[in-house]
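Across the two complexes that follow, subunit A remains constant while its partner is subunit B and subsequently subunit C.
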Partner chain A sequence: MLDYLGRRVLGGVLTIVIVITAVFFATRLTGPAVEFMLPPGSDPTVQAALAAHYGLDQSIWVQFGRYLQGLFTGDFGISLGERRPVIDIYAERLPNTITLFVYALGLATFAGLPLGIVAALDRKGPIGSAIMTIAFIGYATPNFVLAIMMILVFSFQLHWLPSSGSTTPLHFLMPAIVLALPMLAEIVRFTRNAMLDVMGQDYLRTARAKGLPEHMVIGKHALRNAAVPVVTIIGLQVAGMVARCVLVEAIFATKGVGDLIVYATIGRDYPVLQFGVILIAVLVVTVSLIVDLLYAVIDPRVKVAAS
Partner chain B sequence: MTNRILLALGAVLLGTTALAAAELTVATQNMSSFVDPGRDHSNVGSQNYVNAFDPLIEKDYSQAGAVFSPGLATEWEQTSPTTMEVTLREGVLFHDGTEMTAEDVVFSFHRIIDELTPEYKSIKTQFFTNFEKVEALDTYRVRFTTINPEPLFETLLNAQQGYIVPKAYIMGLTGDAETAEIADFEAFALAPVGTGPYRITRFQPGENLVYERFADYYGDEAPLERFEMRRISEMATRLTALANGEVDIITNVPPDQLATIENNPNLKVEGAVTPLFHVVIYNAMHPKLEDKRIRQALSLAIDRDLLNQALWLGEAVVPSTHTYPQYGELYMPELETFTYNPERARELLAEAGYDGTPIRFDTDAVYYTNGLLAAQAIKEMWAAVGVEMDLNVTNSWGEPSALESRNWSNPMYFADPAGSYGTMWAPGGARIGNTWQPNEAYVEMWERFRYSTDVETRKAAYAEIMEYVADEMPVLPLYQPYESYGLRQSVEWKPLPGHIPYVLDFRAGSIALAD
Partner chain C sequence: MTDIASPLPVLTPAIPSPGRPGRITRLWRKTSLGMKICLSSFAGVILLALFAPWIAPYDPNAQALLSRLLPPVGFAGANPAHPLGTDQLGRDLLSRTLYGLRLTLGIALIGSFISLILGTVLGTIAGYIRGRIGAVIMGAVDVQIAVPFTLIALLVIALLGNSLPVLICVIGLTGWESYTRIVRAQVLTVSRLPFIEAAIAAGAPRGRILVRNVLPNIASPIVVVWTMTFSALILTESSLSFLGLGVQPPTATLGSMVGLGRDFLASTPWIAIVPSLAIMLVSLQVLLIGDWLRDALDVRLK
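Let's turn to the complex of A and B:
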């Protein structure tokens, strides 16, 4: 088990090291930052003076060395646009994105699992078909279309919900739904299929035969075995959610990390962009590790195979 | 869900009561990452300063012409062509409670004149190149000394870049409290303090700015208790936030969205032609465009009136020369610098032996309203005279020497040709030596225009400069855009003609809220 975990952690660390290196060089390829620190078309001599002040005129290897040194000492640099520590900026933005993620993840999981189970149990019935139809529509609708449609209906026409910002929980409702929907649809589909798969197995017949009540049969024997693919899909979807939140935050003017990264990219704010990418890499790697761990918890065979 | 709806309704109702308490929210397309009037000349920055800072000399902004009035200075006198003595208002408090004195005035100007940061160097070039020194004569008297005679003392002391900032507060922000370090200015730009009718109580760079009434303001009390500027970049979201009552004013409404606002009984549109040109610039130092006949032809091929009709519904202003009504006596619409003549364009191209090489034209996809659409239309206009445009959509200016042509904006930073044409094209301006190298006669013309204290001499010199520009063609002003704002019906506000572009003036007399 420890060996299994060790290999996974090592793989994760290696991934992050590669990301840290790649992001540094990739950001430098996007164009000179000083051009974006001054209004468009500013005098090149002023641009040069600014570049010298921020050490952007030094060779790329010197800059890379400084960047690595900073990472090791926990200094993630100063934003070129805002001239304040990158950490301070993320500290302001991260709570909004986390709130959004928690809402979306909660919504997708707590609604998706029961709906998937019901869809499996009522496979040929009207309820099951209805759930699957809605899930497919949810899966097939691009999230920006859904976002703008929701804004038009609930804000523009009905005036029920605020369209933009992140000041109250209500502000998070529409973005969370938009963010959650593709994930919800995925969870419903995978839960249903996994349940159907498991429900045909012999051990369920055995469980029923030994007189277990139906909720035990479904809840314990079927669901636990169906959980592996479902956990996998939740893990994958968290990574997808990071990508989607960029768009969702832009449309709903949620002042979160996605919005920040978009603006840092447009403004060539290297330090902010770098930290954002590293943060996302760490998040995705951590979620993958947790999923790997959960496999072992859910499915004892993983533990056996690993040792 | 019913609870949520009730909550939402509650929120909307709360929003309405908030308005009754003289509060306001503005949704802007962009938001600055710093707030320092002396470091900034960007369009987005112009939104931030007028409510929280004061100039030495004030101006009547309700009209385009220059009618000056006392600001932080109560009296001023030009004691010689190169000196001006200013008497300060006594008892003016900064938002941190300290009194404004001559020390602060000297510091405010010298941080720019002495180029204490690279950005101040840029501001000096465009505004205060002629300023040699600023000295305190006593606690409330200051003397300005210039290198050449200065006809624009009042205009420059009214400019945003000349707003007064607190010396002791800034120097005390980081490190040694007795010296002004770069870090002090960077800290100030995140926690700005001025003398204006509103103080800035919250600033999240790139996100929002909150202003509250400053009780100790020396002048007329601010009409709003509190207002907030929030960035909502998406036009559709900004418009919805306005229709939904979440915000009271929205900025940067493109012409094709005006009908949506006008058709909503709760909303209205206010707008004005701004003292700013969208321009096309040519790199006269690029081998493809070295021959001035090519540059002349490219400009003659552009039907600017058609662009105005098609993109601005005829609301923009197509100039005959580089001039604005805001220049007062220097407003010279009679000059005929830029014209449309496709036949002449074809002749010039033939004379210059243009061989059909495509000419690159750079444009950002979104930065200028209608910028990309105008570029696409210009591509067709160039094609009509036989020039192929290689339209390059990018948000970078790229390698400076590789630039061929592109769109740009040329705002009025202060109300004089030197404050608009001059900021870009005066000797030493942002593009000189980079995309255009004028001759020595031009430098002489410029000095005569810039430093003469006689209005007629200045006008004659500017006419000569424009004649030279028509021949050299480093730049073509396309039009002055019509900038529109969307407002709730309850808000009485409109952009004032005396301001530089994009200023959101919420001072006494400039805004009122109905019940």
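Let's turn to the complex of A and C:
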């Protein structure tokens, strides 16, 4: 078990090291950053002074060393657009993104699980088919299309919800729904399939035969065994959700990390973009590690297989 | 099969039509009605995209300020000359949607072939040659899975600027890791089968075995991954264009049309709705076809 964990942690650390290195060399090798900071045709001495100020006149290895040193000491550079530390900007933005994520994850999980169970219990009935059809459409609809439609209906037609911003909890409702829907659809599909697999097993017949009430059979015996693939899919979906969050935040002007990254791309604010990529890679690697841990807790066979 | 000049006429049964139906005909007969509709309508979409320059009633970028912001037919104030209405510059939305569809599908098609070739070559190397190169490739796959692709796309676009070639390359990098994983696993499985061992024992060169015996046997999963990533590519392209990071105006793709229409949602929503519905339709069709093909070819994706 420890050996298995050790290997997983090592793999995760290695991934992050590769991301950090790749991001650094990608941003430095595609052209002098000074050219983006100054208007075209500016004085060469000014350019040289600015390059010296940011340490861009030294060799690439010295720069790489300083960049690594900065990462370890918490100095992530200065935003080229806002002229203040990148870390301060992210500290301001992160709470909004976390709120959005908690809403979306909660919605996807707590709505997806029961819907999936109902779809499995009513496999051939109208409710089950309706749930699966809606899940498929939710899965196939592009995020921004859904966002546009929701803004149209709930903001402009019904005037129930604000169309953009991030000041009140109501502002987070629509982005959270848009962010959650593909994951919800995925959870419904997997819960249904896992439940159908489990419900054909002999031990469920045994549970029913010994006279357990149906809610105990489903809730305790079936759901616990069906939970394993569902936890995996939640873990796998988190990476996709991070990616979608970039788009969703940009559409709803949620002042979060995703919105920041999009505007850093448009404005070529490398330090901000660089830190965003690293931050998200660390987040995704951590989440998949936690999911692997949970996996071992839920399913004892993983522990045995790993050791 | 069908045109064998029979040397043994006695053994040939008297069938009026020559030969049995081909594989595709048999597949078509087994297909459900809903799927037939989906396949035919997707063929229609492809034809529309292919012949957009001949079908489209107007030049997609021609502005006509006198007839701007016209609603689609069926709403008050519509002009039958512009069946889907016009945008804020008086450009015909039907023409723009057709051209946008053409560009969106074109970019996704080229991009999907790039990632198919890249991913398949890497997966074959990892599965067939294995060793240290294989380990490095699979390490790269793990890194790619850890970093959401949207971020890589944004980074590349920030570094190289947003032009059509950059966009196609970015799209071409999407999903290579799915091919690599599946192809590697398949190559590993297939190379252990008896007929490959027989080929090795017969002294066939390794490269020849790969091309003649291994690759044809893993074609089905590759086709299935292709259809399944194709819808993801359409969405990636649309999302980037929607954010204004894809193809630059005035050229239309479906995503950039929705992006531009977003500013007019409150007053003239059809500018965004028309291309949104087009994207939804295409992505739904491609997903359904992907699912159907996976079942029809009986491919299990891990």
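One rule holds in what follows: the second predicted complex is superposed on the first by the 282 of 307 C-alpha atoms of A that agree within 3 Å, B and C clash if a C-alpha of one lies under 4 Å from a C-alpha of the other, contacts with A are read in each partner's own complex, and residues count from 1 in each chain.
Please note the rule applied: a residue touches a chain if its C-beta (ideal position, glycine included) is under 8 Å from a C-beta of that chain, and two chains touch if they have at least 3 such contacts.
Just so it is clear, the structure is predicted and the values come from calculations on it, not from any experiment.
S.K.: Return first, second, both or neither, reflecting whether A:L273 touches subunit B, subunit C, both chains, or no partner chain.
M.R.: A:L273: touches subunit C, not subunit B.
S.K.: Quick one: classify A:F64 as touching subunit B (first), subunit C (second), both or neither.
M.R.: A:F64: touches no partner chain.
S.K.: Using the superposition on chain A described above, determine whether A:A250 touches subunit B (first), subunit C (second), both, or neither.
M.R.: After superposing on A, A:A250 lies in contact with both subunit B and subunit C.
S.K.: Is A:L152 touching the first partner subunit B, the second partner subunit C, both, or neither of them?
M.R.: In the superposition, A:L152 contacts both subunit B and subunit C.
S.K.: Counting only touches as set out at the top, which of subunit B and subunit C does A:Y4 meet: first, second, both, neither?
M.R.: Touch partners of A:Y4: none, neither subunit B nor subunit C.
S.K.: Tell me the contact category for A:V19 with respect to subunit B and subunit C: first, second, both or neither.
M.R.: In the superposition, A:V19 contacts subunit C only.
S.K.: Could you pull out which residues of subunit A sit against subunit B in one structure and against subunit C in the other?
M.R.: 31, 148, 151-152, 156, 163, 250-251, 266
S.K.: Using the touch definition up top, name the residues of subunit B that touch subunit A in the complex.
M.R.: Per the stated touch rule, the residues are 4-5, 7-9, 11-12, 27, 33-34, 41-43, 117-119, 121-122, 125, 182, 186, 189-190, 204-207, 230-234, 236-238, 240-241, 243-246, 281, 364, 367, 395-398, 400, 408-409, 424, 429-431, 434.
S.K.: Can you list the residues on subunit C that touch subunit A in the complex?
M.R.: Checking each residue of subunit C against subunit A gives 139, 142-143, 145-152, 154-155, 157-160, 231, 235, 238-239, 242-245, 255, 258-259, 261-262, 265-266, 269, 272-273, 276, 279-280, 283-284, 287.
S.K.: Can you name the residues of subunit A that touch subunit B in the complex?
M.R.: 31-32, 35, 38-44, 46, 49-50, 53, 79, 81-84, 89, 92, 148, 151-152, 155-156, 159-165, 168, 170, 173, 250-253, 255, 260, 263, 266
S.K.: Taking the complex as given, what residues does subunit A use to touch subunit C?
M.R.: 11-12, 14-15, 18-19, 23, 26-27, 30-31, 136-137, 139-145, 148-149, 151-152, 156, 163, 239-240, 242-244, 246-247, 250-251, 261-262, 264-266, 268, 270, 273, 276-277, 280-281, 284-285, 288
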